[in-house]
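You will see subunit A twice below: alongside subunit B first, and alongside subunit C after that.
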Partner chain A sequence: MPTNLLDASPYGVAAADKTPLLLQGLQALTQHHQQHCLPYQRLFANQALPYTQLSDVPFLTVPLFKQRQLTSIPEADISKVLTSSGTTGTVPSRIYLDADTAKLQSRVLVKIMQEWLGKQRLPMLIWDSPSVIQSRDSFSARGAGIQGLSFLGRHHTYALNDDMSLNVPAITDFFNCFGTEPVFMFGFTFMVWKFGLQALKEHNLKLNFANAVLIHSGGWKKLEDEAVSARTFNATAQELLGQIRVHNFYGMVEQVGSIFVACEEGHLHCPSYADVLVRTPGSWQVMPTGEAGVLQVLSLLPKSYPGHSLLTEDRGRILGEDNCACGRKGKYFEVLGRMAKVEARGCSDTFEDNKPFENGDTLVNKGAGQ
Partner chain B sequence: MTVEVVNPVSVQGQLAPFADPQAIEYCKTLSQALLQEPAAREYSDLMALGYWLRPASLERILTPYRKLKLRPLGHVFHAAPGNVDSLFVYSGILSVLCGNLNTIRLSNKAGGSADVLCDLLQSLTASHPDVSARFQIIRSPRDAAELIELQQQVDGRVLWGSNEGIQALRQRVIPAHAREFTFANKLSFAVLDIEAVIHAKPNELAQLASNFARDNLTFAQQACSSAKVVIWLGKPAKKAQAQQLFWQALSTFLNTEQGQGKYPLTESEHYRALNNAQNLVMSGVVSQVQTSGGYIRLEGSHLHHSLLSAHQGCGIFVELHINELSELNSQLTPQHQTMSYWGMSEVDVNCWLSTCLVGIDRAVAIGTALDFNVIWDGVDLIRAFSRET
Partner chain C sequence: MMAAEKLKQAFVKSLAVPESVITDSLEYNSIKEWDSTAHMILIAELEDVFDVMLDTDDIIDMSSYAKAKEILRKYDIDC
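Entry: the complex of A and B
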């Protein structure tokens, strides 16, 4: 039995062992943020401790990270600021990291990804353009995602040019060098589909990789608009890229590191360092397994900012715990997309009525399950 | 940029005398249509409008003005608000009854009950071309050239909306002689008497809860006259008991057959309310979030000026305490509109109001906050839309 979840394997801890440790960790994080983040303290001043169940851990609504600067570290310790890629006109989330939290994030991310990629560093094909990671101090979610996962690969090759067109020579070189051995591909769902798979099709280019893993994330909304299901996505990837295992993951810039990867069954899995709950809109009570509601995500990583317990804007449903057919322990769930947005009306009619309340997909690093 | 007329007619609109019978007949037909239209029954605001438009109701409103020598102002342009779909009819119809030609631009956000209304108004064009010509409803971009040109020729302009919206529309020039009335964003509050709540019989509390819900949860608390703040009046030691009784009664009402489904908030409205509440607490303006299904309670210390823009409705109530009404005087500003109250006598409230020189345009019983008054934000609309000789 593990004594520290952060040292445990990602999918090897059953609920009976995990829950008390997780609860203890989340309570410590809550107290830490109460002491170091004044707005957080104002909101959750009167907590009945100790928590006895996960649902006792108070949660923040995600847009607060757009609305205010929430940190639990002195300004001097901020080593990196992650931002969601706000569409024009919207305010991005800003996530403040110190060296420790950043290190923890990559440590955990590596641990989780090794489960799906193996321990070897594989040749890596990135379905994006190199310009996405150019800024050093401020990382977009896309850049941060690529940066974070690059640790796991070698021979990093960008499949797209800066204008998002297919970099055919780079891709064919990559295939010629590594086509017969295990390779790792990564990209954001929409980018992979639109600028990768669709472009390959247009170029009439098929690459028969012998052993590839494609990890992708970023939400299905845009693909659903084009009526592309996970099944179509995977089938197209196989048609164009050969022997390829495709894994979607659900994660967000507010909780980088402790991501939820979909297994062979298409179920998103909580790693040992994270968990999910589903709540009823309005009363915000926890819903039983199997019922759809709003997803709350819990993570042991966020220490430099109060992001360890977040109420997302996504709907989802818990499917089970410790008993997925894939054999992995932990809760598994599915994401059912964003809550339908309704325009704020207020008195703000005549001036703002040409603007939507908030542009839809502001967090590209926010994915949905298969 | 196109201007779409909702209820087009082929005749040219003509000015009419005050309370012209044709206009009253138009209102009567519209009232009947509203009260009979199955689609309108879904909307309590349309039912209320249907009753308001009945001849007897209009007569009660118009009678005091008949002895005045009122003549029309001319052509009036109205920009309707986006938060209360049917409000444009009240001010527009009053102006029609004053004899004016009216062009009303609907908010792009107008939907729901506004769509039902537009269908009905469109159906009246054949039988009532002349009055329809004086009550032209349009949808258009705010900066449509036709709209700018129209405003250069009006005799009056009525702007409902947010402060920024009103200022933006004001950039458009109107003739020197034209009158302008603005109805900007305002904050309203409810006052509950602690003793009265404690001593209320169960059925009285249930009625209070039902009335409170109607005032403040219709239109997802977006109407300016819906209370966003609840002020407890009386002995502080008894406040908790009264709060418990009242909020319990509200929760019970919202779960009854009568209350259930009547004030629905969407999932994302619930989410926005929670986010707004958390943000308000983080700002330090209020404390404590208590969610309770259909609404969220927050605790404040006074009528903080930032509430006007920071409180975004969707069922959030900031609770304050005062020992006496006079404690409000120093907190009120011109941005405070409706005070709805319960458990106090009208005489006492009016007596206090006479000492209160800033803020509050109307004090009404809880349950009537959304009722339309001819005097709105302190402006007598009939006089505003007329020339008195």
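Entry: the complex of A and C
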């Protein structure tokens, strides 16, 4: 039995061992942020400790990171700032990292990805343009994702030009060099679909890779608008790119590193370092397995900012725990899209109001979720 | 060139820092020149110079100059 989840294998710890360790770790993080982040301390001043279940851990909402600089480190220790893509033209989230948290994120991301890619660094085809990485100190979510996953590859090749057109010579060179060996491809779901797969089709280009893994992330919203299902996406990838295993993952800039990767069954899996809960909008009670609600994500990684327990704006449903047909331990779930506007507004009213910062009591999740 | 000198020069080149900065205690992310971008450049350079294939564990474990020596030792390169 592991004594520290951060050293455990990503999918080898069953609930009976995982839950107490996770709870202990999340409680320690809550206390850490209470001591080092003043706004956080004001919000969650009077906690009944120790927590007895995961739902006792108080949560922040994701929009708070857009409105405030939430850090638990001195200004001088900030080594990197991550920003969200801010799709709706709103203010992006800003996540402040120090060297330790950044290191932990890389370590955990690599551990998780080794499960899907192996330990060898494979030739890597990136379905994006090289301009996505502009500054070394400040990364967009897209840049940070690509940067983080680049650790796992070699011979990094960008499949798109800066104007998002297909870089046909680069792709064919990559195929000619590595087409018969294992390769790793990465991109954001919509980019892969629109500027990768659709463009390959337009160019009438098919590449018969012998052994490829495509990891993609970033949400299905835009693809749902075009009525593209995961099944269609995967089938199209196989039609155009040959022998390719496709794994989607769910993650967010507020919790970089502890990502949720979809297995062969298409189920998103919690790694040992993270977990999810589903809450019903309004009462914010925790929903039982199988019922849809708003996803709360828990992670042992965020030390430099209070992001270890977050209510997302995504809907989802837990499908089971420790018993997925793929054999991996841990909770598994599915994402059902963004919260409806009215639910989101209700949520914003509760959590984005400035008042809670003056009167900590109103925002505290007083274990309402049992 | 001796392996130790090759290693030092690989660091100088990849991180774009003067030789005097390179000591055993130099740690990843402790100076702005050794960030994640430079780390990838460094890995590629080490693979090139020493003709080795470093795996993902090596990349994560290579948290200092001293650690780089230790990892290369696994590949029979004595720095």
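Going forward, the second predicted complex is superposed on the first by the 338 of 370 C-alpha atoms of A that agree within 3 Å, B and C clash if a C-alpha of one lies under 4 Å from a C-alpha of the other, contacts with A are read in each partner's own complex, and residues count from 1 in each chain.
Definition applied: a residue touches a chain if its C-beta (ideal position, glycine included) is under 8 Å from a C-beta of that chain, and two chains touch if they have at least 3 such contacts.
Predicted model, so just to flag it, every value in this text is computed and none were measured.
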Report for A:Arg68: first if it touches subunit B alone, second if subunit C alone, otherwise both or neither. first
According to the stated criteria, A:Val261 is in contact with first (subunit B), second (subunit C), both, or neither; which is it? neither
Greater residue coverage of subunit A in the superposed arrangement, subunit B or subunit C: B
First (subunit B), second (subunit C), both or neither: which does A:Arg107 touch? second
First, second, both or neither for A:Ile215, with subunit B first and subunit C second: neither
Who does A:Met339 touch here: subunit B (first), subunit C (second), both, or neither? first
In the complex, go through subunit A and note every residue touching subunit B. 39-40, 42-43, 45-46, 60-61, 63-64, 67-68, 281-284, 294, 311, 313, 315, 339-354
So in the complex, the part of subunit A that touches subunit C is made up of which residues? 79-80, 99, 102-103, 106-107, 110, 113-114, 117, 119-121, 133, 136-137, 147-148, 150-152, 154, 156
Which of the residues in subunit C end up touching subunit A in this complex? 28-30, 32, 35-37, 39-40, 44, 47, 53-57, 59-60, 63
Can you list the residues on subunit B that touch subunit A in the complex? 79-83, 107-109, 141-142, 159-162, 164-166, 168-169, 184-186, 219-220, 222, 224, 265-272, 274-275, 278-279, 281-284, 287-289, 291-294, 312-313
